[in-house]
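Below is one structure. I have some questions about it.
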């Protein structure tokens, strides 16, 4: 397997640094509009359609007015989406609020993000996945995405308002050891299967769910495959087909 | 893996009990349990439906899936961004190119790259071609599920022309894997535009044929009208999307209302809706959409701009940290990718929002107090692809 | 040659040893022709494909290949099946087909049995296949089979009635239940005093013919009335568990019955073995009669398969509604009208 060309690595590194500098995660507990627009100002200048961004700001204002203290943090990526974060205790009330007050009647999807860095991450140099190293997990601090976070598991759902033409992504931190939240079925019946999937894949329990059994996996399956500490066995015994064996295009110098 | 907490154990026991409940057929005095699938001709794939019957009336029906679960969400975490398209190609295998687009668009959003106009045009054309290739089969298959064997042959015959056009550009009939971050792999071959016009004419004729042969048939109407009616509120709450939602009277199309990265705003076209919400409405809307797709492609073919097909992107793609959700109006409905990046070569987490999963989640609701034949016609009209449910 | 045949007009009736092969031929030959011409070829052309092309010229030996395949296959009994009933069911179905062909006249003397109440016998025997299908559905120990068998029973009983009522109009007009008599009355009939083509009952009994054909379609469980074997719902209904030779018997039964019912329709509505222009008493009909009947039969059978591959399937309740609320009243009205006109004339 060939080495990555030096210049490409440099370019990728530069791109990454640029992106990191332009998008600081907002960790402050009570977000203000100013911080949000500041973090995204570099992009907003270039974007051709400004009014959708204003719409998101306006919706966020309505949400923060309606939810009050329950809204922990929020994030607007201009023309791309609106993220809010609430506590898992307020999970169902938030959904109720969004459906009733913001006309978000379309239930899009629900899932979980495991923010723990994978202990089985593949290094660029190695052929196989490196083995589980407990200390490596602790070495790497958890970095959360938009709206920040506090715990390893974050519940995320997207609901859409057809009349307003905007989707809202709602996140909620879940307890590390006993991840559980209220089921959304009374608000959105369609959450049923999504919650079953989230339970089997991440081990998140949804209280008041009528039928929380596995949806894909056999009933006696052990473990929760989409958790980051669940090993992907084939990756550990076989060399991983290449990221770096990039061949030069015809007529192009390598 | 050991049980970490009491709740885990309880959930595990509950799941065991529930699975046993499903797997062992319970015969009671009230009726009979009918197990449709996983090997059943009408489930085209490996869906399993357990129906409790009273005579031929369905008291309750429950879909069981997972026979084709391939764990794409986990696999994406060990693939580089360009490699992921190979996986997501196989989600909805009838309209494969359409699966790649939302993922590529999500990655482009995170990288703040925009494909050049020509690439966007060709993407939209291929996207709509795969919609035709997909829905065309539905039009024939729905008739087959209702008992008319002939239309499906016409569907396969005319779909071939569309597949040929896709193959001529991408080199692949089923899994093109043609979309790249920042553009497309190749440009259009010579003479392709004219050939595509010919294929579109075939498709328009095919739609007329289906309208006469299937839609206008009294028996077809008797079998589908008023069957499996889904009111708009229920459809929204269950997350139905695509033609299923529009057949319930909701005038919402991602191509028009939340378009990202494709050039639908350059075309004069119409979103078709039907107020009834029954199986017939779903067939009708899909038929009109196939026609509309021909119309869209026809307009786009005439206005393809010249220029490069690839934006400047680094050879080794590292996507800056961030989160993005991009959904497109795929043949089956809304397909979206929620991509979480931590600045690596691989996505940190990809949530695949596939249309059929949500479309099928309404099945237990809608399959009540219908007859056994209606199970088949309703499922066929909801139109699922197993790979799109199980991912 | 004709003289030779005419001397002993129905020479093939003479001995049992000849009768049996002729009877087998009378059932299997039309069935095979129908399967090849219609099921393999005509339908393929309708569906814009070629059908079998490899075995023999234009795939004409495909049927033999299929039969050979089925005979070779293992004869599987489901472990919970009622073995005796399961094994007997295909023979019951096939038996009804063979009994039906007995009363169909193919010439003035070319017939097996000349029953006075021939059409009555045919209608009665055609219901026997229901028993075979019900046996197959019940004994398979399969829910799909059971549903299919019960659907078949409900459907066949419901459509027996319009079938018989449609025939009643013909019987009134012909004044006889003897099938030979029905043919002769058409051959000797006149249309407003003109006897050029006789009086095929299709001209006066076209409503009866339409009802008869719809009912036959349902009796044969062909689309749009193929719920008992609906492959997209019940896999193949009562046939689900059958394989090998027993499936072949059901298959022959299905297509031979299609031929026999077409032949009955030809006798009732199209003058049977008679062609206009030749005296019906002419002994030549003993030779060309079977061919004429076969030609008419094939034309009618084409209708059956044309409908089969064009229409979607009814639902069971819609089928019953069609039979009881539409076909039966219509056929009763047809009988009343025929009776009034008969008395008036």
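Per-chain residue numbering starts at 1, and chain names A, B and C are given in the order in which the chains are listed.
The definition used in the following text is that contacts are C-beta pairs under 8 Å (C-beta built on N, C-alpha and C of every residue); 3 or more make two chains touch, one makes a residue touch a chain.
In this text, all values refer to a predicted model and were calculated from it rather than measured experimentally.
Student: Looking at contacts between chains, which pair has the highest count of C-beta pairs?
Tutor: So the chains sharing the most C-beta contacts are A-B.
Student: What chain is most central when centres are computed from CA atoms?
Tutor: Chain closest to the assembly's C-alpha mean: B.
Student: Let me have the rounded angstrom distance from the C-alpha centre of chain A over to the C-alpha centre of chain C, please.
Tutor: The separation of the two C-alpha centroids amounts to 66 Å.
Student: Cα centroid separation between chain B and chain C, in whole Å?
Tutor: Centre separation, chain B to chain C: 45 Å.
Student: Rounded to the nearest whole Å, what is the centre-to-centre distance of chain A and chain B, using the mean of the C-alpha atoms as each centre?
Tutor: For chain A versus chain B, the centre distance works out to 23 Å.
Student: Quick check on chain B: which residues sit in contact with 2+ other chains?
Tutor: none
Student: Over in the complex, which chain B residues touch chain C? Could you list them?
Tutor: 32, 34-35, 40-42, 56, 143-150, 153-154, 157, 213-214, 217, 219-220, 222-223, 371-376
Student: Under the touch definition given earlier, write down the residues of chain B that touch chain A in their complex.
Tutor: On the chain B side, the touching residues are 1, 4-5, 7-8, 11-12, 14-16, 18-20, 23, 65-66, 69, 71, 73-75, 77-78, 80, 109, 111-112, 233-234, 236-240, 250, 252, 257-258, 314-318, 320-325, 327, 334, 336, 338, 340, 342-343, 345, 349, 351, 353, 357-358, 360-362, 365, 390.
Student: Would you pull the chain A residues touching chain B in the complex into a rising list?
Tutor: Checking each residue of chain A against chain B gives 4-5, 8-9, 11-12, 15-16, 18-20, 23, 43, 77, 80-81, 83, 105-109, 111, 113-114, 117-118, 122, 124, 129, 143, 145-146, 156, 158, 162, 165, 167, 169, 177-178, 180, 188-190, 192-194, 199-201, 203, 205, 211-220, 222-226, 230, 232, 235, 240, 243-244, 246.
Student: Considering only the defined contacts, which chain C positions touch chain B in the complex?
Tutor: Against chain B, the touching part of chain C is residues 46-49, 143, 147, 223-224, 226-227, 230-235, 309-318.
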